[in-house]
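Once you've had a glance at the structure underneath, I'll fire off some questions.
Chain naming follows the written order as A, B, C and D, and within any one chain the residues start at number 1.
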Amino acid sequence: MIELYVLLAAMLVAALVAIQIKDLLAAAVALGIVGFSIAIMFILLQAPDLAIVQIVVETLTVVFFAAVILRTTNTDTTIAGGLKRELVFPTVAYVTFGLVLLVLVGRALAELPSFGSPTMLVAREYIALGLEKTGAANVVAAIILDFRGYDTLGEVTVLFAAVVGVLTIMRRAGRKEQNSEGRD
Amino acid sequence: MVPLFACLFLMLIGLYAVVTKRNIIRIIIGFSLVEYAVNLFFTMVGFKRDALPPIITDVAQPRNFVDPLPQALVLTAIVIGLATTSMMLALAMRIYEKYRTFDITEIRRLRG
Amino acid sequence: MRGMSSIVQQIARLLAGVLFLFGTYIVLHGHLTPGGGFAGGVLIAASFILVSLAFGSVEQTERNSYTLSSVVESLGGVLFVSLALAGYVAGTFFFQNASIYGTGNPLQLLSGGIILPANIAIGIKVGAGLFAIFLALGASRFVMKD
Amino acid sequence: MESTFLPLLVALPMLAAFLIPLFAKLWQRSADLIANAAGAALLGLSAYGAVRLFTDSHTIVYRIGGWASTLGITLVYDHLTALVALALNVVGLAALLFSVRYLDHYTGRWKFFSLFMLVLAGLNGVTITGDIFNMFVFIEISAIASYALVAFGTDFDELEAGFKYMVIGEIGGIAILLAIALLYAKASTLNMAVVSQVMAEFGHTPLFWCIVATFLVGFAVKMAMVPFHAWLPDAHPSAPAPVSALLSGVFIKVLGVYAMCRVMFNVFGLSRTNAPAFFNLLLAFGVLSIVAGGVLAYAQKDYKRLLAYSSISQIGYILIGLGIGNYWAIVGALFHVLAHALGKGLLFLTSGSVEHATGTRDLDKLSGLEKKMPLTVWSYLLGSLSLAGVPPFAGFFSKLFLIIGAVSAKMYWLAILAALFSTVTLGYLMKVADKAFFSHKDREPTAARESPTTMVLAMLVLLVLTVALGIGFKPVLDKLVGPAAQVLLNGLGYARTVLGG
């Protein structure tokens, strides 16, 4: 499991870079590194389906980010060099909040089944029945398209909503011209 | 427990960017980080030590698999994440076109 | 959008074909191997994106492919809902699987009942939809009329 | 198979949303037709379900794909669902009808109707689902479609409001997903009924409260209770008026109030007796929302922004009803869900009507509309009387039940607060009437006249229902709201009705 810890550390470092580096394109690439290390972790966690989807989605996300950044601006004018005084208080407050949260959540997480041994109450039935009832050798595919196909219908609809939404937002003029003189 | 905490830590990093950063693209990056963290957390919940990926290659094989259900759910969550990210980017691009800046402190026409 | 150099164009043409084929393979084998309609659909979208990045295009082509991809996406959605409704109309359940499609031979390509056609519907829909998003986000001076 | 109508509540609007882009390419106006037909069909289906419930009062359960409830996804239609679904589809249909002419201002007609159908599909999906992850998926469908609708005007304000709404709303969505992950880690199942049985054996440990708190943050963002409300006063006014009506009228209640009630009462089995701290927290948030929303509403100069703050305040009433947690208070809260859906839907439609006629929402610029748009003005007046709780309109009874609940729980100060802020509500709503309708300034808006027939018709539908709900409150109370409150008070009994039925 040592690989998992190395990847987790790399992921956290890349995440810190992504939110701090001044160049936005570099930040998007750092986000990509986070995504790809998560994809590799999915393989280590025995989730090849997720790994494939994560890789292609991550690639596409970086492409989308690059498309937007290249069409707009690459430099982040809000990050000046050095420490900014007005950011000190929120950062300290946030770090305190984060630590308190981690301690509280830590107590709660201790009650979960320990890492690596899930309860698998219904999962056992999926594994036992998956092939026989649906004919699909990939149990994950059997779940997303058959047992819980309704979820996938929702997922497809979310994507559709996003496509129509993006097309809606990218319309050049939202209102028709002749009615615009009454507005300020 | 350590991997789960690492996920929460990633989430806190992302949330920090959402809360304190003033650049819209940076906020979207922070949001993506939060979402990745939750996806990873959910997958780790279903991980089983010394087990195989849930794909049957032989009908008679012993089925010692990791929990397939979180994987199916995270698959859906990843897609939803892609959908939200692309919509946020579209909004960001239009905001830049209108205001010529990504700085949210300068984009403040609506009053409190 | 400007096109890129002819070396890039030739490589992109080759790579796009490979990507498209690989995407189709992943869609069709979603019930047997890792991946499925979504991953394959993204790969198919990526092959189109690659071509449009390498070759660039004039506004008219972009608008045509945008219209086409949004139509194809809607068709994919209709196809998926129809698959779900097929069992319902036939008098059994919403998302009925085995009894109307049959489960086929386990571990063969033609197995898994509803899963194979559903994967194809998702693959079509995702491929077209993501390409439409890319066109909207990435194409330069691409004016969306209505 | 008396339950077969249930999947149609989701499949129909989805199919409509997918078909609209195809048909709109051939004929622009087909979008109106498909959307309105689907809206009417949704209303018919939810009414049919409600009638079935009234006749044999048996919770309707549908198992998708015929799988056992642990394996597949279950759809559930009980009295609480019926109440929310009816309110949702009535307001949805009225808003669709209103949109037909209102959209003459905007470009992108088919996109609007397609997104609108997606919002309706998502909201209906949330109300009927019996599976916790499925609820998240449908919350996301309606939320993502609503972000695009808020930014529909694609102008400065709309884009800014849309982005703000989207970031805050998605943080809420992610919180819900995280809560589901934690819940799954412990309960190892997703069906709400089964989860509630597993969690019941588990007790109120730190992990339990951690899950409850994470869910609460998510739903609090979605319902815009007061410290999580920052997005609402920007987002709701920026949307086109029929969308504002849907968002303020039902959206925040389905994604926030309904989802929270279902999870907290029926899945976690919380009740005033076993978790007083949680209910006191709801009371605190409720009081904060009522006061902050009411005071801020009074200070607004924008017609729709005032109404948006009023929504925050009215959500507060629903919250204190739930927080008091006895039968009458919950009846009051649920009755207010109905009354506020109709009333606020109506008020936002009148704002659209005024904007359609005059082109502005600024109260300082509007004047003397009383003569020119009598139907709009009267709809506004009666709707605001109902919201403020003047008898015999619907809002009066919701506040009456709420106060009865508060008094019987010996929380007199809450009763006084609720009554006091009724007058504040009346005050700020009448401020609009005073400035926009009855005042006479030097510069009258030139060509203001009554809106087209379909817009007036949509307003009249909601107006008639508001009045009818007030006058005929008794059968509604007996048949719908009372049993719905019993569903919540029944708590973990939900599992038995779903799994046994």
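The rule is short, and it goes like this: a contact is a pair of C-beta atoms (placed from the backbone, for glycine too) under 8 Å apart; a residue touches a chain by one contact, two chains touch by 3 or more.
No experiment lies behind these values; they were computed from the predicted model shown.
A comparison of the A-D and A-B interfaces places the larger number of contacting C-beta pairs at A-B. Chain centres here are Cα means. That of chain A falls 29 Å from that of chain D.
Rounded to whole angstrom units, the spacing between the C-alpha centres of chain A and chain B is 2. With centres defined as mean CA coordinates, chain C is found 23 Å away from chain B.
Work out the mean CA point of chain C and of chain D, and you get 35 Å between them. Of all residues in chain B, those touching 2 or more other chains are 45, 53, 55-57, 59, 69, 73, 75-76, 79-80, 83-84, 86-87, 89-94, listed in ascending order.
Shown for chain C are the residues that touch two or more other chains, namely 32-34, 38, 70, 73-74, 77, 81, 84, 94-95, 97, 106-107, 133, 136-137, 145-146.
The residues of chain D that reach two or more other chains are 14, 17-18, 21, 64-65, 107-108, 133, 137, 140, 144, 147-148, 151, 154-155, 159, 162, 185, 190, listed in rising order. Shown here, the protein chains touch in all possible pairs. Residues 1-6, 8-10, 12-14, 16-17, 19-23, 25-26, 28-30, 32-33, 36, 39-40, 43-49, 51-57, 59, 63, 65-69, 71-76, 78-87, 89-94, 96, 101-103, 105 of chain B are the ones that touch chain A when the two sit in their complex. Residues 133, 137, 140, 144, 147-148, 151, 154-157, 159-163, 166-167, 170-171, 173-174, 177-178, 180-181, 184-185, 190, 233-234, 238 of chain D touch chain B in their complex.
Here chain D touches chain A in the complex through residues 10, 14, 17-18, 21, 64-65, 67, 70-73, 104-108, 111-112, 114-115, 118, 121-122, 125, 133-134, 137-138, 140-141, 144-145, 147-149, 151-155, 158-159, 162, 182, 185-190, 198, 205-207, 209-211, 358-360, 362, going by the rule given at the top. Within the complex formed with chain B, the chain A residues making contact are 4-5, 8-9, 11-12, 15-16, 18-19, 24, 27-28, 31, 34-35, 38, 41-42, 45-50, 53-54, 57, 60-61, 64-65, 68-69, 71-73, 76-79, 87, 90-91, 94, 98, 101-102, 105-106, 109-110, 112, 114-118, 120, 122-123, 126-128, 130-131, 137-140, 143-144, 148, 151-152, 154-155, 158-159, 161-162, 165-166, 169-170. Chain C contributes residues 32-34, 38, 106-107, 133, 136-137 to its touches with chain B in the complex.
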